[in-house]
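Labels run A, B, C and D following the written order; every chain starts at residue 1.
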Amino acid sequence: MNTALVAAAPRGSISLRSIAGRIGLLPALLVVLVAGMSAVDAQFYGIINVLNILRNASLLAIVACGQALVIIAGGFDLSVGAVVALASVVTAKTMAATAAAFPGSNILIIASGVAAGLGCGVAVGLVNGFCVAKLKVSGFVVTLGTMSATAGVGLMITNGIPIYGMPEIFVKGFGRAQAFALPTAAHVALIVILVMVFAQRRTLFGRYVYAIGGNVDAAVVSGVTIQRHIVGTYLVSSVLAALTGILLTAQVGSGQASFGGDRIMLQSIAAAVIGGVSLRGGIGRIEIVAISALFLTILGNALNLLHVDSRLQPVFLGVIMVAAVALDELSRRRKPRV
Amino acid sequence: GTETPWFPMKVYDASSGTPKPADYTPLPKAEKPYRLCVLFPHMKDSFWVAVAYGIVKQADAMNINMNLYEAGGYENLPKQLSQFDDCMASGPDAIIVGAISGAGLSKKFEEAKAKGVPVVGVTNPLPPNALPAANYVDFVAMGEVTGDGLLAQTKPGDKLNIVTFPGPAGSGWAESFNEGFKKAIAKNSNARILAEKFGDSGVAVQLQLIQDALQAYPGMNVIWGTAPTAEAAIGAVAEAGRSDLKIVSSYENQAMLDALNRGDILAFATQYPVGEGAIAIDQAVRLIEKKPVMSLVQPVATVIDKTSAPKLQMDLVLAPASWTPVYSVKAK
Amino acid sequence: MSDLELTVAAKDTDRPKLTLGRRLWSAVLPVALAVLLLGFTAVDRGVLSPANLLNIAQQTSYLALFAMAQTVVILTRGFDLALGPTVSMVSVGSALAMAGATASGHGAGAVLLAGLGAGFALGIACGLFNGGVVALLGVNPFVATLGSYNIAIGIATTLSAGRPVQGVPAPFSQIFYSGSILGVPAAIVITLAVGIALHLLLARTVFGRSLYLIGTNPRAAAVAGLPVKRILVAAYVLCSWLAALGAIMMTARTGSGEPNLGGALSLQAIAGAVVGGTSLAGGRGGVGTAVLGALFITILSNGMNLTRIDGYVQMVVLGAIVIIGVLLDRLRQERRQ
Amino acid sequence: MNVEIDPRPAEPLLQLRGISKRFTGVRALDRVDLDVRAGELHVLFGENGAGKSTLINVVSGTFPPDEGTFQFGGEEIHHLTPQRAREIGISPVFQEFSLIPSLTVEENLFLGREVTRGGVLRAREMRKRARALIDELGFDLDPAQRIDDLSRAHQQMAEIAKALLGRVRLLILDEPTASLTERETGRLFELIARLKSQDVGLIYVSHRMREIRALADRVTVLRDGRHIRTLDAANSTDGELVELMTGRTIDLLFPAIAHQPDKVMVDVENLTLADGSVREVNFHARAGEITGIAGLVGCGKSELIRAIYGIERASAGAIRIDGAPYEFPTPRQSLKRGIAYFPANRIAEGLALSRPIRENASITGLDLPAFARFGVLRQAAERVTIAGIMEQLQLRPPNIERSAGALSGGNRQKVMLGRALTRELTVFLFDEPSVGIDVGAKLEVYEFMKRLVEAGAAVIVVSSELPEVLALSNRLYVMHQGRIAAELTGTAKTEQNVLSSFFRDHLAAEVA
C-alpha cells in the first residue's frame, strides 16, 4: 500500500473509545459494589454468603445467556420463566415415575428426569423458533403466547402442588453439592458461559446470530441462512431455561410450578440489557451479561445484608439499576455516525 | 382416605361479633340443582386445592352445579373482577368467592346484592358484614395461634431471635398473619423480631431471602413464614449446618405435613381448608333457599406439631394426593 | 429468501383499491373475533346476551385504556413496563388522599379533587421519571421502566402498608364506575371519550404526527428539527397519565385503594396493543389497534369463562389463539401486497 | 487477486430474456433483456427508479423474477439464491450496502462464506486473507474496525472488497463511486481494468457521465422498467444516451449561476469540534453565492456544516449567523434562524421511509401556522401546500400519499428539497447533494440551488464530486485533515489546484 496516499490516518482516540464502549462501566461498578460491601459488612465475604451469591448468580446467568442470544438475533424470549417452571415440574414428575417403576436405579432415574426436563426446553424452543422463523410472527407475541401456554401446562400437570420423590442423591449429591469449593450451579454456569462465549466468537452460529440481529436484509443477500439460526437461538434459550429449572429443582428438592413467572423472565432480560445487549439486535457479549447477572444478584444480597426494609428494597433496586445503566450510557455516548 | 365423616365440624359462630364455639352440620341435599359460581385467587398450591376439594365434594353431595374460576394469582385482582362480572352474566343462583382482596371486591358484592344474587365468602377475610354469609378464620388470630404455638414449645429462658417471612407485600393476608404473629410474640420478653422479609410466596424467591437472612442475621434462631418459606428453609438450614434453627409455617400444605413428620419443622397452623370449602357450599344453598344460615363461620385454627399431628383429621386439612382438581360439577 | 421480500414489502403503505377479497382480509381480526363469538355462543347461549355484551364492553374498556396508554409509547419504539405498578401506586395514593381529606372533614367535592389530584400527580410524576430517564439520560426504555416498575411497587406497598386502603367515598365510585350516561356505564363512556380524544391527538396534531415520525426514524426526526426529547417525555407522561386515569377508574370499581391492583397489567397492556397490530418497532399502530387487541383478549377470556373451560386450559388456549391471531394479521398484510 | 480465470465462453456470460418483476402497483421490470460478455463492462443507464437496482437484485439472486429466463455461463439457472449466485461467481456490490454495522470489516467480508473447520471459525486465516485482499485493492481500510465506526466512503470500500473475495466471474457495481473521492475512484478504475483483462464480466451502474465515458464498453438504457436499447459506448454521445434515458433532450451543462456575493451570512471562527474532526476552522459564506467545500474522505467537511446546523458538538470557536452569535446550535433553532441542512444519507438521517411523502416533506414546517395552529394540524392546507411543492419539483409518481420508501433515489432527494420550500430560509447546507440521483434529477437540484442563490440565499455545498463543486461554487474551500487547506476563487479554482491541496502534506512528507 502506498503510504504516501493515506488521506486521513485513523484517529488515535478510536481504539480507546472502543475499549470503553465495548466493555462498558459495569465491571467497574461491580468492583465498586463488592469493595464497598466488603468494607461495610464482613458477612458479605463470608464463605457461605459468597457461595449463595455464586449459586443464585449462576442460575440467573444461565437463563440470561440464552435470553441474550435471542435478543442479539433481534428477538425476545418471554417464555423463559414458564420453561423454568415446566422443566422443573416435568423433571420431578419423570423422576418420581421412574423411581416408582425402577426403584433404586438412580442413574436411570436421574437421566430420565434430566432428559425429560431438557426435552421440554427443546419442545418449547422449537415451537418458538418455528413460529418466529417460518410463520414470521413477531418474537414478542410468539413467546408471550408460549409463555401463557407453557405455564398453563405446568400448572395442569401439578395444580401447583410440589412434586417430590426424587432420589436423595440428585438433591444432596448434585443440587446442593460443591466441588472445588464451588456449588454445582456455578460449575454448570461456568461451562455454559465458556461454551457460549466460544460459540459467539468462534463459530459460524455465533457470527450469524450477530449478522441476523445487525441487519437481516444484509445477512440474506450475503447468503446467510436465516431461519435455521433463528430457531437455534430460541432453542438455546429454552434449553438453558430448562437447565436452570433442573438445577433449581435439584437445589430445592421438589418440582415446583412456581419457579417461573414473570420475575425470572424480567430479570433475565434486565441482566442481558444491563449487560450491554442491544434490544435492537446485533450487539452484546455473553461474558458481560454474566457479569451483569452477578451484579444484580449481589445488589439484592447487599440490600438484604444492609437490613433495608423489604418493602423499600424495590425502590433502591430500581434507582440503582437505572443509575448504573445511565452512567454506562453517558460514559460510552458516542457521536452519531452517518 | 379416612372414612371419618366431616360433620359435625367444630367451628366458632362469629355471626354476633363474638366467636362462640359451635358444631356445623350442612343440609343433606339441595332442593333443586342450583348453579353456583366459585371464584378462587389461584389454584397454584395444595392449600387452594384443598378448598376446592371441599367445594367439589360438598357440591356433589348436595347435587348442585358448580363452576370454578381461578384468577391465576394474587396480582390479578382485575382478572377476578372480570370473572365476577362473567359469572354474573351467566346468571348463577349464588357465587362463592375466595377474594383476592375483600375490600377490592366490595363494589361487586353490592352489585350482586342489588341483583339478588347471594354471595358467600370463603377462606380469605372480608370487611365486616360485606356479605350475607362467609367462612374464614381471622388471619390475625391464625397468626397469633402460630406465635402461641411457638412460645408453647419454647423452654422458659430460651431466647428467640425471629425473622418473619410473611409473604408478598401488599397481599393483605401476609400482613395480617404477620401482625397476629407479632402480637403473640410480644407476650414473651425473651422473643425478639429481628426483621420482616416480605417476598413472593414461591420457593425460589423465599430460598434467596432465607439464604440472605442467614447471613444478615447470624443470631437468628427462628424462621417463621409461609409454607414455601418453610419448605425452602429446610434445605437452606441444613446446608448452613444450623440444625438449631426452628421453622414454623403460618399455613398448611402437603409439604408441611411431610416435613413435620420428618421433624424438619417445628409446627404449622391449619384452618381446615377442606371444611371451609364444604361449609361455603352449604351456606350458599341455605342463602338460596332462604333457610337460616350462620353468617360468619370461623373454623378453629390450630397449630399442629409433632404431638398433635397423629390426632389430626387429615381429610379436612388436605385433599387426598390422588385427587385431581375438578373445575366443574354437574348435578345428576 | 422470502425474508427480504417480506421486510421490504412491509415497508410499503400504499393503499391499493379494495376488492372484496382484500376487504375481507383487511378485516381479518374483527372477522376472527366474530367467529370466536359465534363459536362460544354455540356452546353457551349466554355469550351473545345483551347483558354479557355490555359486560364485555365494560371489561374491554379498562384493558383498552391501558393498551392505548402503551400504544402512545410503543409508537416511539418504547414501552412502559411500569404501567402496572403505576396503577397500583395511583390507586393507593388517590385512596389515601381521599381518606385523608374525608378524615379532615372536607366536603365531597374537595375529597374528589384531592383523590384526582393525588392520582394524576403521581401518574404524571411517574411519566416524568420514565420520560426523563429515557429521553434525557438515553437509557433504553426497558431498563428505565423496569427501574420505575420496582420503585412504584416499593412506594405502593410502603404507602399502603400492604393493605387495601379504605375510605374511597361513594360519589367517587358513583362517577367513575357505577354511574352511566343513557344507560352506558361510566367506564365505557370514559374510555370512548378518551379513545376519540387520543385518536384525534394522534391523527390530527403535531404531537401525534411527531410520535409516528420519531418512531419510524428517530435520527431523521431529530435532523428535521423535531424536539425529540421533549416529545418523548410528553409521550411517557401521557402514557402514565392514561394509566393513572385507568387506575382511578379501577379504584372506583374496587371501592378501595389496592397496592396490588396493577400486578400483571404491564404485560397485558403491551400484549393488547401488539395483538391488535401495533408494531414494537415503532411508528405503526393507534387507538384502533389498541381497542381491537383489548377486545380480542377480553372476548377470548370471557367466552372461555362462560363456556366453562378449565383455568389452566384457558392459559394454553389463550397462548395459542394469540399467536394464531397475530399470524392471521401478518398474512393479511402480506395479502395486501 | 483471488480471481480464477475461466476460458472465454463462446456465448455471453450472462443472458437474461424477458425478465419481469412487479412490486405493489409498480412494474419495476417489464420484459427486460440483457447480455453481458466476459471481459466487458456493461453500463446500466437510466433514471432513478428505472429498474437498475431491481435488475441487479434479480441477477444476484435477491429477488426471484416474476417471469423470464436466466442463463449464466451457458447454463440455464432456476431458483437462484444469494448463496448460489456467489458460488457460481456472481458478485454484487449493492447500492444499499449489505454490511452488518455491528461487525468488523473482516467479519463482513467473509459473511456467508466463512473459513471454518467443523463449524469453528478460523479467524487468523480470515484475517490474513482479508488483509491481503485489502492491501491488494489499495484501500485504506483496517480489517479489524467495526463498520459503524467507518465513514460511508470506507463502508463503500468494504462493500467492494466483500464482492471481490473469492472467485468472481461477474462483478456487479451499483453506483460504487457515489461516496468515493478521487483517490479511491482512481483505485477502483485500475481494479476494473485489471478484472476486464482477466475476462471478468462487469455490470456497472452510475449516474456520472464522466465515468460512463471512461469505462463503458456497451450501455443498456432502461426507462420505466423497459429495455430501451443497448449500444456500443464508442459510437454514442452523452446527449444521445440521456435522450434515450429520459425520452427528451437535456442540456448536460451545469447551469450558469450568477453569483452576487452580499453580506456574510455564515461566519465560523476558530471552530473545533469535540471529536476533533474539525480543528480551528475559519470559514464564511455569503448570501447570493454558492460556497463549496471539497476534501478527501474523512477530512471533516461534512462535520463542519453539521456543526453549524447543530448535530455535531463544537468544543471551541464561534459561529455567527447573519452577524448574530449562534451559541448552542440545535436543528430546531437552526431552522428557526433560517438554516436548512440536507443530509448525505437520506435513509439514516433524512426520511421516515414508511410514512407518506406528505408527512416527510412537511416535517420541518410543523411549527409554522401554515401547517398547524395551536398544535392542531391543518391537514387540508398541508395537502395543498405539499402537493404544490412536489409538483414544482416534479415528483414522480406525483402521489404524495405514497410512502417515501417507495420512491427512487432522486425522488427521495426531491422530498428532502421540498422541505426547504415549506418555510422561509436563508442558509442552505447541502451534504453530497447529488449522491445517487440521476442526471436529470441532478440538473434539477442544480437549478434549485441556482434559484436559491439568485433569490439571495447563502448556499454551502459539500461534495466529493469535484466537477460538481468546481462548477457550482463561487468560492471553494479545500479541507484537509480537519483544517482548511486552501480557499480558491476565480481562476485559481481548478481541479489541479484542488488536488494539489488535497495531497500537499503527503508530498511534503514524502520529500522530507
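Heads up, the rule we're going with is that contacts are C-beta pairs under 8 Å (C-beta built on N, C-alpha and C of every residue); 3 or more make two chains touch, one makes a residue touch a chain.
Nothing here was measured: the structure is a model prediction, and the numbers come from that model.
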Most remote chain w.r.t. Chain A, using mean C-alpha positions, is D
Separation of the C-alpha centres, chain C versus chain D, in whole Å, is 43
Cα centre of chain B to Cα centre of chain C, whole Å, reads 34
Rounded to the nearest Å, the gap between Cα centres of chain A and chain C is 29
Residue ranges of chain C touching at least 2 other chains are 1, 4, 153, 157, 162, 219, 264, 311-312, 315
Residues in chain A with touches to at least two other chains are numbered 155, 217, 220-221, 311, 336
Shared-interface residues of chain B (touching two or more other chains) are 43, 169, 198
Chain pairs that touch, by label, are A-B, A-C, A-D, B-C, C-D
Contacts from chain B onto chain C in the complex sit at residues 43, 67-70, 72-79, 81-83, 85-91, 100-107, 111, 127, 168-172, 174-175, 198, 327-328
Note: in the complex, chain A contacts chain C through residues 78, 131, 135-138, 140-142, 144-153, 155-156, 216-217, 220-221, 226-227, 262, 266, 269-270, 273-274, 278-279, 309, 311-319, 321-322, 325-326, 329-330, 333, 336
Seen from chain A, its contact residues with chain B in the complex are 43-44, 46, 48-49, 52, 56, 155, 159-162, 164, 171, 176, 248, 251-254, 256-259, 261, 263-264, 300-301, 304-305, 307, 310-311
The answer for chain C against chain A in the complex is residues 1, 3-4, 6-8, 81, 133, 137-140, 142-144, 146-151, 153-155, 157-158, 162, 219, 264, 267, 270-271, 274-275, 280, 311-316, 318-320, 322-323, 326-327, 330
Within the complex, chain D is touched by chain C residues 1, 4-5, 9, 11-16, 204-207, 209-210, 212-213, 216-217, 219-227, 283-284, 337
